[in-house]
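Per-chain residue numbering starts at 1, and chain names A, B, C, D, E and F are given in the order in which the chains are listed.
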Amino acid sequence: MARLQSVWLQELTWEDIADYLQRDDIIICPVGSTEQHGPAGPLGVDSYAAIALAEDAAKESDVLVTPPMWFGDSPHHLDFPGTVSLRTETLVAVVKDIIHSLHRNGFRKIIFINGHKGTNNAALITACRSVHQYEVQDVLLALVDPMYIGRGIASIKEAVEHHAGELEISHVWHKFPHLIRQQKLPPEHVDLEPIFSSFVQKDLFGGGGDTIEIFWNSKEQKEFTPNGSFSDSTNASPEKGKLYHEYMVDNLVKFIGWLREYKGPIGK
Amino acid sequence: MARLQSVWLQELTWEDIADYLQRDDIIICPVGSTEQHGPAGPLGVDSYAAIALAEDAAKESDVLVTPPMWFGDSPHHLDFPGTVSLRTETLVAVVKDIIHSLHRNGFRKIIFINGHKGTNNAALITACRSVHQYEVQDVLLALVDPMYIGRGIASIKEAVEHHAGELEISHVWHKFPHLIRQQKLPPEHVDLEPIFSSFVQKDLFGGGGDTIEIFWNSKEQKEFTPNGSFSDSTNASPEKGKLYHEYMVDNLVKFIGWLREYKGPIGK
Amino acid sequence: MARLQSVWLQELTWEDIADYLQRDDIIICPVGSTEQHGPAGPLGVDSYAAIALAEDAAKESDVLVTPPMWFGDSPHHLDFPGTVSLRTETLVAVVKDIIHSLHRNGFRKIIFINGHKGTNNAALITACRSVHQYEVQDVLLALVDPMYIGRGIASIKEAVEHHAGELEISHVWHKFPHLIRQQKLPPEHVDLEPIFSSFVQKDLFGGGGDTIEIFWNSKEQKEFTPNGSFSDSTNASPEKGKLYHEYMVDNLVKFIGWLREYKGPIGK
Amino acid sequence: MARLQSVWLQELTWEDIADYLQRDDIIICPVGSTEQHGPAGPLGVDSYAAIALAEDAAKESDVLVTPPMWFGDSPHHLDFPGTVSLRTETLVAVVKDIIHSLHRNGFRKIIFINGHKGTNNAALITACRSVHQYEVQDVLLALVDPMYIGRGIASIKEAVEHHAGELEISHVWHKFPHLIRQQKLPPEHVDLEPIFSSFVQKDLFGGGGDTIEIFWNSKEQKEFTPNGSFSDSTNASPEKGKLYHEYMVDNLVKFIGWLREYKGPIGK
Amino acid sequence: MARLQSVWLQELTWEDIADYLQRDDIIICPVGSTEQHGPAGPLGVDSYAAIALAEDAAKESDVLVTPPMWFGDSPHHLDFPGTVSLRTETLVAVVKDIIHSLHRNGFRKIIFINGHKGTNNAALITACRSVHQYEVQDVLLALVDPMYIGRGIASIKEAVEHHAGELEISHVWHKFPHLIRQQKLPPEHVDLEPIFSSFVQKDLFGGGGDTIEIFWNSKEQKEFTPNGSFSDSTNASPEKGKLYHEYMVDNLVKFIGWLREYKGPIGK
Amino acid sequence: MARLQSVWLQELTWEDIADYLQRDDIIICPVGSTEQHGPAGPLGVDSYAAIALAEDAAKESDVLVTPPMWFGDSPHHLDFPGTVSLRTETLVAVVKDIIHSLHRNGFRKIIFINGHKGTNNAALITACRSVHQYEVQDVLLALVDPMYIGRGIASIKEAVEHHAGELEISHVWHKFPHLIRQQKLPPEHVDLEPIFSSFVQKDLFGGGGDTIEIFWNSKEQKEFTPNGSFSDSTNASPEKGKLYHEYMVDNLVKFIGWLREYKGPIGK
C-alpha cells in the first residue's frame, strides 16, 4: 500500500483521509503553547517540540498528524509579552471538540503530544477522561509528554531542568536551529527552594523526593525570573537536542507499533 | 528602526515582542479551519488563505502575526473525513482568550483574518463584541474576511462561487501550488435553489437579491454535494489566485496604514 | 379546514395546537430587541418589526406564531437608558430552548424573524446551526431578517440607512403610528468613514464595496451618535413603511408556500 | 411632574426613560410562561397574569414596566403541544442580563412579577441572589408571585387550587375574557395524594401540613393529568378574577409606595 | 435479610452496596451548609441537622445514606468568617452529578435532605427537575426540608424562628450537645419589617400573610444582624430539639415506608 | 494564646474563626472521593486519608481544617456500585468557590489535601491556577497528595502500589481499623503492561521509566479488575499505615511551619 503523500492532515484532501481510514485509524494531535521561553528561546518552543515529535514519529510510522494547536495553558507567563494563553476550560473544550470530530471521521486511536511539559495536562486529562467516560467509548486516547517519555535520556543534560531548560532549548535548536538566540542563552539558575519550600520539585524529569505543589501567578513569576528562564541553558546544544529528540521519537514509534496491534476495548 | 526579523510571533522571543511594543501595537491573528474542500482542495484551504493574507500584509506593513488557529467552526462538513470542527462556543472562548492575552501584552489593535468565509464569523463577532463591551475597552478589534474584502476583485472569476469555489482554490494554488490536485478540479455546480428556495444566496461575493438563510447539517450536505464541492472550480488558476491575493493584501495594507494613524477610542 | 382562531400561540389552548399539528408543522418565532432607536423611535422598534412581519405573514399563510422575544443582543446601545440587552450566549440559550420545545411539540419547520437587523444573527446562527447539527436533525430552521429580505425594496428610501434609519422608522410608523415621535425625526447623518475607515459598510441594505468590520462599544457609540440615531430619518413616512412591510410580507408568504411543499431532509 | 405617556418601556424613547430616571428609579419586569393550562386556559395564562398585574400596578403608581418575558421554566408541561420551556439555567441568564442592563440604565429598584406560580422561582431566586451578592450591590431586587401575594384573598375560591385552577383562570377571564374557553372548564380534580404521598402540598395558596416535594416530568404529568389541568375550575368567574386581581394590585401599589420611600442599602 | 452494617455508604464496600441493591433502591443524601449561625451555633448547624435526620431515619428504615455535602448556598453569610458558600450553579452541578452516579449504581429513589432551610432549594430544585425531565427518567427524586416537614411541631417554640432560631439551635443541641455555646444564646430578635416591608415572611415555619421576597447580600446582612443571628434563641433546649428531631424522623420514616411501596413511574 | 478548641471549622462559631484570623491565616481543606476500593476497602478510603492527614497535621500545628469534600473525580470507578463521582468541571467549581469564600473570610494560605491520589489533581490544579492568576492574587494555594509527599516512605511496602494498594489500605486500617475487611484483602495483582503497553506507570509512588498515559473508562476497568482492586494488598497492616501516616503528617507539619514564616507574594 502506498505511504501517505504527507503526514499532515491539512495538506491532504478528504478523499486521502478516507483512503487512510480504510487501512488505519491512528492519528497524532500535537498541542503546544505560545509562551515566553526566556531570552534565547522563541515563543513557540513547546509547539515546535510537539510538531517535531509528531511529524518525525508519524513519518516513521506512516500515520497522520492533525494541524498543531499553537495555544496552550500558560497563565503564569502572561506578564511576558508574546505569551498567548488559553484558560484551562477553553483548552478542554478544544480538545473535546477535536476528539469528537476525529471520532466521527472514523479515527479510533488518538495520540495527543503535549509539547508544553506538564502544564497543559490538566486540560488534556480532563478532556480525554471525560470524553472517554461519558461521551465516546470506542476510542483509545493517549497522552504523550516529553517530561514523561524523555526521562530515560534526561541524564545527558548537565543542569537542572525547569522552564526553558537545557533539554528543551536543545530540542528546538536541533530541529529549528535559526530560532535559538545562542548569544542569549541564560546562565542563571533560579533557586526555587527559598521560594517554594524544600518540597519543591527538584527537576522536571524527576529524581526528587517528597513534593508539595504551590501555585504561582504571572506577576510572581516575573518577580523571581525577570528574564523568563528558570534554568541555566548554556550547556544546550543541537547535539543534545538530537539525542533527546531521537530517543523520544523511538519511544513514540514503539508505542505506535504496540497501538497498531491493540484490539480494544481496553480490558478485553 | 529595524524591521521585524520575522512577522511570526512564535519565531521571536519575548524580548523581541517587548521591543516591538515600544513602537507599535498592531497584531494580526489568522483564523482558519480544517475542513474538506472537495476532491481538489486540501483540508487546510481556509487556514492557508488566512495565513497567506496575514503573512504578506504583515511583511509589507511590518506588523506581527500570531500563530494561526487551524481549527474553525465547520459542523456541516463533519461527514467528510478529515474535517475537525470546533463548536461555536469553543471558538468564542479561544478568541476571547487570545484577545485577553494580547491586550495584557500591550497590543491595542488586533485584526482577525478569517480565512473560512463567513462561517467562523458568528464566533468571531460574538467574542469581539462581548470582550470589547464588557471586558476590555481600550482595544480596537477588526474582522477581515475574503468574502468581504475580496468583493472588488470577484469579477475575475467565471463560475458562481460557493464552498471550494474558483477563487478560493485559485488562492491556495497561487500560494501553495503543491497542495492543489489539479486533475481533480470538479466541474459540477450544485444548483442550490431547489434545495434552499429561491431566497438562497446566489454567490458568496454578493450580487444576489433578497435572501433567507436555511441551516443544513453535515448529513444533508453529504446528500447534496457528494464530493464536497459546491462549485465548478475548473476555471481556477494560480494567476487568478495571484490577482485575488494581491488585491486583498493591498486592502489589508491600506487598512493597517489607516489603523496606525487611528487614535482611539472610536468616536473621539 | 377551519383557519386558526388566532395566529398567536399564547392566545390558544394546547388542544388548538394539537389540532394544528395534525395539518401543518410550520411556526414563526419573532425575535426583536429592546434598544434605543434615537429620539423618534420607541425602544421596541426591532420587536415591533418582527411582530408585524410575523403576524401579517402568518395571517396570510394561516400558520402559527410564538410569543415574541422582546430582548435581543444590543450591547453597544447600553449607554442609552431603556436598552435591555442579553449577552449573545444568553440569546443562544433561549433560541436553543425554543427550538427544542417546538420540536418536542411536533413542529418541524421553524422560521425565526429577526427584527433587529443583523445584530441578533450571531446568536441565531449559533443556536440554529448547533442544534441542527448536534441535537435535532429532523427540523428545518430558517432565518429571516429585513436587512436581507427587504433589499429589493430598499431603493424607495432617500437616505443612507443605518441604525434608526428611514426604512425601519417608516415600518413602525405604518404599523404602530402612535409610537413614532414625528416632531423628533433626526436630520443628522453620522459620517462613519472617519470613524471606521473607508472599509465601513456603506448602507445596511448593501451596495457597498469591500468591507472590514470594526467593533465598537456603548461608550464609543454614545460619543459618535449622541442622540442615538446614525441616520437621517426625516424622509420616513407611513407610506414608505407600508411598501416596505408589504414587500417583505409578500416574500415571507412566498417562502412559507415553498416551505409547505418542502419534503426534507434537505438534500434528499 | 407629568405622568408617563405609557408605562411600557418598549413604547417610549430613550429620552423618555432618561427623564423618568431623573425622578424615579423603580421598574417592574413581568415574567410569565408559555405553557399549557388545560382545555380552557390559553398557553399564555401565566404571562397574561404577570402582564396584567404589572401594568395595572404601574399605572396606579406611575412607574415603568419592561416588555414581558413570555417564556419561563415549564419542563413538566412539555408533553402538551404549545408549551415552550426554557431550561432553568437559561432563565437565570436572561434575568441576570436584564438586571445588569437596567442597573446600567440607572434603575435601582427592580420588581420581578412572576406570573408562573412558583415554578420560575428557582431561576429568579438564583439570578437575583447571585447578582446582588457578587455583581451589583447597589440595587434592590424584589420578587412578587401571586402564590404569595394572593394568599389573603384565596378564600374566595371554592376548589383546591393547583395548576390551571379556579383563581388563575378567573384572573385571565377578568382581564382577557376572550381567551378563556368557558365551555371547556374542566370539572376534574386530580387527587395528588396517591401519586405524591400524603406529604404533597394540598393547595398552592398554602394551608397544608408537613410537605415533601417529589419531582415529576412531562411524561408523568401527561399520565396523571391527561387534559393538562390539575384542578376543578368550573367555579371560575370574571368576578372572582376581578377581586383577586385588584387585591394583588393593591398589595403591589402598597409595596411600591414603601419602596419609593426606602433608602438603601438594606440594613442602613 | 441482614440489616446494613452501617447506613453510611462511605463505611461500606462496593460489594455491600451491590448486595443492598439486590433488595432495595432507596438512598438518602444529606446536604447542609457551612455558614455562621450566630454566637452560639457552630458553622455546621445545617449540615448537622441534615446528617442527624438522615442517619436516624435511615437506621430506623434500614436504608443507605451518602456522605454529607457540607457546603451549600450561603452567599448572604459571607461577611461572617468561617462561612464557605458555593454558588448556586456549583451546587446544581454537584447535585446533578450525585444523581447521575447513584442512578448508574442502580438506585431509583433518592431523597435529598436539605438541612439549610430553604436557601439550598433553588439549587436542589433546579438540579432535580432538570435531571428528571431531560436526563434520567427512571428515578424518583424527593426533597425534604425541616422548614416543610417540621411545620407540625413548630408550635413548641416560643420565639419567632428565622436564621439561627430556637428550633434549629435546639436540634443541634439535642444531637451534638457539645457544639452549642449555651452561654452565648442571643436574646435579640431582629425586627425585619422596617427592613423588608410589611410583606416580609413572618416566620420560617409559615403562618404569615401575603409576602414579597427582597434579596439581601452579605454586607447588608452584617448591617442588620451584627451578631449573625436573626432570632431570639434563649428558649432553645435539648428537650425541644428532641421533640423536633423525632417528629421529623417519624415523618421521614413514614415517607420512606410509602416510597418503598411506590411503583413508578409517577402517574402510572 | 489559647489553642483551638477544635481544628474543625464546622464545630466552631464564626466568632472563633474571627479570633483565629487575628493570629493566623492558614487553613487546610481535605478533598477525598467516594469510590470503590476493592473488596476490603470502604468507599470512603480517599476521604478518610485526607481527613486523617488534615486533622492530625492541624492538631499538631494548631491550624484550622474545613469540612471535608467527600466527593471527587472518579469516573472510571462508576461501574462499581457506591461510587459517586463529580465531573471534573464540577469539582473545579467547588474548589474555586471554597477558595473565594475562604479568601473573603481572611484566610491567605490554603492547603488542599487530596486523598484521592492523582485523580482529583486535574480539577485541583485547574481551580487553583485559574483563581490565583485571574481572580484572587493575594492568597497562597498549595496542593498536597500522598502520592507525592509519601514517596520517601513508600519503600516500606512490599507490593506494587496502584488503586486500593497496600499503603492506602494500611493507612485507613491504622486510623479507622473497623472499616477494613481484613478477610477480604485481595491477593491479585493486575498486570497492567499487556493492557496499557510497556509505557504504563509502574507504581503510583514512582520509580518507573518513560511513561505514556492511556485513558480508560469504567466499563473497561470493570473488565480488567473485576473486584475493583489493582493491587495485592495482603501485606497491608496498621503498622505500615502508622509509619506511612506519621511520615506524611511530619512532612505536612514541616511545610506548615515553613508556610507560617512565608511572607508573600511569592517572588518578593
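The definition used in the following text is that a residue touches a chain if its C-beta (ideal position, glycine included) is under 8 Å from a C-beta of that chain, and two chains touch if they have at least 3 such contacts.
Note that the structure is a prediction, hence the values are computed from the model and not measured.
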Starting at subunit C, fewest touch steps before arriving at subunit E: 2
Any chain that touches subunit F and subunit E: none
Subunit F reached from subunit C - shortest hop count over touching chains: 3
Same or different contact residues where subunit F meets its copy subunit A, judged by the half mark: same
Distance between chain centroids, defined by C-alpha means - subunit B, subunit D (Å): 47
Centre distance in Å when subunit A and subunit D are each reduced to the mean of their C-alpha atoms: 55
Distance between the centres, which are taken as Cα means, of subunit C and subunit B, whole angstrom: 27
Residues of subunit E whose C-beta touches two or more other chains: 78, 87, 89
Overall pattern in which the protein chains touch one another (line/ring/star/complete/other): ring
Chain order around the ring, beginning at subunit E and proceeding next to subunit F: E, F, A, B, C, D
Touching residues (chain side subunit F, partner subunit E) in the complex: 9-18, 21, 34, 36-44, 47-48, 66-71, 78-87, 89-90, 93-94, 96-98, 101-102, 104-106, 179, 181, 184, 228
Of subunit B, residues touching subunit C in the complex: 75-76, 78, 87-89, 92, 121-123, 125-126, 128-130, 132-134, 137, 140-144, 148-152, 195-199, 206, 209-224, 251, 254-255, 258-259, 262, 265-268
